[in-house]
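Quick one: the structure is below, questions incoming.
Read from first to last, the chains carry the letters A, B, C and D; within each, the first residue is number 1.
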Amino acid sequence: GGGTTKDTVSSASPAAPASSAAAKADPNAPIKEGLKLAFLPKQINNPYETIVDKAGIEAAAEFKGEAKEVGPSDASASSQISYINTLTQQGHDAILIAANDANAVCGPLQEARAKGIKIVSYDSDAAPECRDIFINQASSEEVGRSQVKLLADMIGSKGEIAILSATANATNQNTWIEFMKDELGKPEYKDMKLVKVAYGDDDDQKSFTETQGLLQAYPDLKGIISPTTVGISAAARYISGSKYKGKVVLTGLGTPNQMRQFVKDKTVEKFALWNPKDLGYLASFAAAALASGQITGAEGETLKAGKLGERTIGAKGEIILGPPFTFEASNIDEFDF
Amino acid sequence: MSGPPTLALANVSKSFGAVRALRDVSLELFPGEAHALAGENGAGKSTLVKTLAGVHRPDSGQVLLGGEPVTFAGPADAQQAGVAVIYQEPTLFPDLSVAENIFMGRQPRTSLGRIDRKAMHAQARRLFERLGVTLDPEQPARGLSIADQQLVEIAKAISRDARVLVMDEPTAALSGNEVARLFSVVEALREQGCAILFISHRLDEIFSLCQRVTTLRDGAWIASEPVEGLTHDDLIRRMVGRDLDALYPKQDTTAGEVALQVERLTREGYFTDVSFQVRRGEIVALAGLVGAGRSEVARAVFGIDRWDAGSVTVAGRPLPAGSPTAAMGAGLALVPEDRRQQGLVMELSIERNIGLTGLRSLRRGVTISRAAERDRARDWALRLQLKFGRLSDGVGVLSGGNQQKVVLAKWLATEPSVLIVDEPTRGIDVGTKAEVHRLLSELAGQGIAVLMISSDLPEVLGMADRVLVMHEGRLTAEISRAEATEESVMSAATGRAA
Amino acid sequence: MTTAAAPPEPAVRARSARNLVDLVFRARELSLVIALAALVAITAGVNGNFLSGQGIEDILLNTAILALLAVGQSLVVITRNLDLSVGSVVGLVAFVTGDMLASGWGMVPGIVLGVAIGAVCGLLNGLLVSFCRVPALVVTLGTLYVIQGVGHFIAHGRQINAVDLPPGLLSLGNGSVLGIPYLPLITLVVMLAIGYYLRSYPSGREFYAIGSSPEAAGLAGVPVRRRILVAYLVSGCLAGLAGVLWLARFGTVIADSANGWELLVISAVVVGGVAITGGVGSVYGAALGALLLTTIGSALVVLRVNPFWQQAITGALLLLAISVDRVLALRVARLLRRRSRHG
Amino acid sequence: MAKVLRWDVMVGVLLVAVFAGGSFTSPGFATIGNLSFALGDLGEIALIALTMTMLVVAAEVDLSVASVLGLSSALVGALWDGGMAIETIIPLVVLVGALCGLVNGLLVTKLGLPSLAVTIGTLALYRGLAYVVLGDKAVAQFPREFTALAVDDVPGTFIPYPVALFVLLAVVVAIVLHATGFGRSLFAIGAQEQAAFFAGIRVKRIKLLLFVLSGTVAAFAGVVFTLRYGSARADNGMGIELAVIAAVLLGGVDFDGGKGTLGGVIAGVLLIGLLRNLLMLNDVSTEIQSIVTGLLLIISVLTPRLITALKPALSRRRTSTDQVGPESALKGSP
């Protein structure tokens, strides 16, 4: 028919290039004092996000800026949007957001940028045309592939495995899972079979019972990857108290404080994570640099990030924090977060 | 009448907003006497009852128990003091068993404080035997007919072994048999020294049961005097303040063509093979004992319930089963027996209630005309001598009888061609009853077909051109006006004659 | 007296009718048990693990907290009220108790604190509903927000970790006696006690009376307000206890434990045959409802149903349960009517 | 005097107070940009509140609205992704919403099940179907001319299109509810269903219609939601049923049916929305916002009741001091 279909418009709406491309970066500009930054996490009350944002807020003090954390109590895109609007009205210099939905937050973020507010996304990206920079905790590809490698090492690249994710719609989770599937397609993993992706909704109790279900439904399960801090700790807790302890290998992304106990009692051998404090720190500096005109978010520019040294902006305005770090019994006690 | 009265009111006044329901009323109830309380609808009888029961606190004046002033903080206090009350409207727990309804709060207990269910059921059974009722104590109260509900209320009250038994229109839903039983039980209680306060709009009952009578008019005390030596007319004059015309003024009319034809109507479990017809200008009474299935027939004809077999024809056109809207469209109106649940929306105002049956006719364009609605309500309120403050008042605050008038108004306003009235004068005072009767016969005179269900035998005999009698779900007799007598109707109703 | 003259058969007829009614009322719980048995049988047939010791233990443990909340809720629903705040009470209690225990409180004071917080929340709801006569739904929706807010305010993004908790508490959550885990045992004891009280004591019956007709209850001298207050108090206390048990079972809590459970608890109560309009039902039914809902959830996972289908199927089964029950009740009522007339 | 005591009027007064207080204390509050956004942000809740009001007045409730919204959003995404024209998608999806409502309505009217129970069930069912339809995907890139309809203001005003549509519908619903026979029927059904049935009102048909309307509007709200955020997801609108109910209750509609005004509900929706907006602008944290919302609900029902409870005491004092009060004038001599 003559209606508006996806195909008729997809060419008509090219992703608008970042408006700041027109502006010129001045690498020597000083960081302005008294910059006002606002962290907008996926949801407050998520301990992981709290660590990240706290570090970011502390970092702001280093360059004499002010930062705060606001956010919804549920991890939904719609409630984040009300906050974006409010922050825009309040006139901040930069908004740092861990987007619940890459596209849904786009419109309001564009409005904020139209008012000269810089947008930094961290943890979970917004659509590239709606933000200036994305601080990626680790390359998504690397996270996905390394998780598979980690597990494969521990189970001898053989057997049924499952993934315990957060919510079905979490952007970062789904990207990682895509890379995991891709990695599993390689010949060296031909004996590993992904039997199920379960969703624990980043809810402790739901993740706990989902783990139960997985283990019952797939008695031959050899390993579980849970690339979410809530999921991995809940799964570890269930396994440590059940007959599956020692039979099923669990790995994923978790914080050392949550996992210490389970590493000690040998429920979990290894898991990975970047340093969330560094993530917040880096995001904070990136926002400041943007707001001060040091960088514009264009590929190839260099960000001076305090104690973290310098980082180069990659394709699509992405800065990568670094490779994930693997925690195990020998090193876990060196960390406290 | 020596010694102090068991329970008394001294100069009690009670107002609800602008309505002064009781003004300076005094009343004394002595042990061993049955005391009647008479008055028109809205005279303040139920308010007085509720004051005695601790539901209302008097604005001024006192309640005296054994000569001493008391303050009842709530119904529980009054019960504690030995006052048992049957309220005008049944107050049952539909989800609980009949026995639990009777004994709520004072169930027989075992030594451990647990409820002794066996003993409770046995006691309930004994109570029903005393009242001559076949009710199962273990059945849930939901689904009981109004009459059965009333009987449970009576059982509840007499089981309290109270010093004072207050009964607000206990007989309004009952027919002769049950009333006789009730009276014999009450008589026995009275002889044991219980004080009785009895309210009824059936004056015969007052004369046959009570020794003294107190009359109220517009909330004010008129007289307290022995019943002996008093005539019906005396009592009516005290209540109404003037003389009344004949009570049953049905004139003979010539019946026209058939307006309502019911053919072999059956609803399984309720009634079987009911056939009759009502002609224009005719008043046909449907008589029978409580639970005979009369109300069920009316409900089915009007489309409230579906019937299983048979047909209903109005003015030659068959009616679909189970659609009150279609029935109304065909010119039918049903004044239901349970005004609280079926007749009125208690939270809505008088005008809205009366308007509810005419939502189509009150329309001006798409919206309802408030003026038309108010006119319609005022018109009928005046014709039925409704006692009200404002038309925008909720019907919930009206007295029982006045509520009944609103139900009548609501249906008469539809100008039906066939009017079914189920216990139309239940709880209505003598004056208004005459008014309703005059109205019904006037309507019949205008060519409306009237089917009247009534448990009031004098009313049936006085009003009906023909009497249909039901017994256990079947039509057992059709008696012409000439042959209708108390004996002939009762024997058909009890199933003694075919 | 004419007792002797009373014909005996109406009584007999009524009696057989009543037995049938009784059967239906029991069948309300019976049909739940049958549905449960069928579900378990099918699932176990497909996957034997479902009925392994671990499998049964998991289901019982998962049910315990929901059932405890359902028992408290049904007490409130029986009085024709509703308590939407239970979920947030669990969240608040689990966090605050965890916080205190982590900071060195003893186990007993911790548990007492948890139940006490629940009691205060229940008392608040109860006072507002019974003494201020504010509609239950509005009040408890309001306290849902308030209590949730307070919980989040206290937690402020922190997390309680299992390592910080006394081992005694954790073993309460995961340990067992004679092979039966503590949690379901606690729920069972609470359920039996409340169920017995409701059925066998005059004051217990008054809860049903209030739900059946609040006005009539007032006129019958039932202390309506006090009973409603007690219902909320018990619901609050049980929510508090559930919060403590939640902490014991999961060890790791943030402020939003049981977030959004209010509708889940009400589903359990409704599936268990407690009428939302009050006056009907039993705590046993409610607990069975919780068990059924939990089992459906577990069974769908074990049956390897696509996770995207799970919620839809759960919803459909819930509808099926209440519809079948209703149709059955209507059928029997009709049967009864025919019998009582033609019998 | 009596009018002021009414709950819905109270809410209206509170709304004005919040607005006035907000414009005074927060410079960003009474700006066109902010108000336009705040209003737009209420769009879906406000739309659904309209049909919810009618349902609650008729003593029913529909808890599945948020799930219908989610299902509708998921369908929009899936069909759009599948290449269907958006002009076809919208009516189709709204039709599905009507069907969802029909299922609710049939279960309630044909089987006589309580709507609270039914819609808790369909709440899970419809949300589940949304996941079945779209799974974990999020579909975006909707044509600008359609997303603009959901975001942009009506030319020359600061009123977004969905809000304009809401105003239009609100007027229609207000007339239907408060001035037509249909509206009268709803109040009668809610207050005393049996009496309404006896008065020839087609109770079941009306209830069925209400549920269908509720589903239809919820599905339409789902379309608006999807276009406004430019993102179709199965979890859109999760949990807003309680927000809608809160607004309706705050607006003074009696959950037992038979009482309430649409004006009160609209004031309730606005009050919750603007207050939240104001609190956010003042950096009040989410926790405190939640507490304030809860307290507001409780206080708004509590105050009128406390005043009514105190009134007899007050008026008694008045009548005793002032004998020739209005009542004696009304009633004549005693």
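Just so we're on the same page, a residue touches a chain if its C-beta (ideal position, glycine included) is under 8 Å from a C-beta of that chain, and two chains touch if they have at least 3 such contacts.
A quick note: this is a predicted structure, and the numbers were derived from the prediction, not measured.
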item	value
Pair with more cross-chain C-beta pairs in contact, given B-C and A-D	A-D
Rounded Å distance between chain B and chain D, as computed from the means of their C-alpha atoms	42
Centre distance in Å when chain A and chain D are each reduced to the mean of their C-alpha atoms	36
CA centroid of chain A to CA centroid of chain B, Å	74
Residue numbers of chain B (touch at least two other chains)	none
Multi-chain contact residues (two or more partners), chain D	131, 135-136, 239, 285-287, 290
Shared-contact residues (touching 2 or more other chains) in chain A	44, 73, 168, 199
Which chain pairs touch, all of them	A-C, A-D, B-C, B-D, C-D
Contact footprint of chain A on chain C as seen in their complex	47, 49-50, 52, 54-55, 58, 62, 148, 152, 155-159, 161-163, 174, 246, 250-259, 297-298, 301-304, 307-308
Complex interface listing, chain A residues touching chain D	1-10, 12-13, 44, 68, 70-74, 76-78, 81-83, 85-86, 88-91, 101-104, 106-107, 127, 167-169, 171, 174, 199
Chain A-touching residues of chain D, taken from the complex the two chains share	28-29, 31, 33-34, 37-38, 41, 80-81, 83-88, 131, 135-136, 138, 140-147, 151, 225, 228-231, 233-239, 276-277, 280-281, 283, 285-287, 290
Chain B to chain D touching residues, read off their complex	15, 17-18, 20, 23, 304, 324-325, 327-328, 334, 336, 341-348, 352, 355-357, 359-360, 362-363, 366-368, 410
Contact footprint of chain B on chain D as seen in their complex	175, 179-181, 184-185, 187-188, 191-192, 194-202, 258-259, 326-327, 330-331, 334
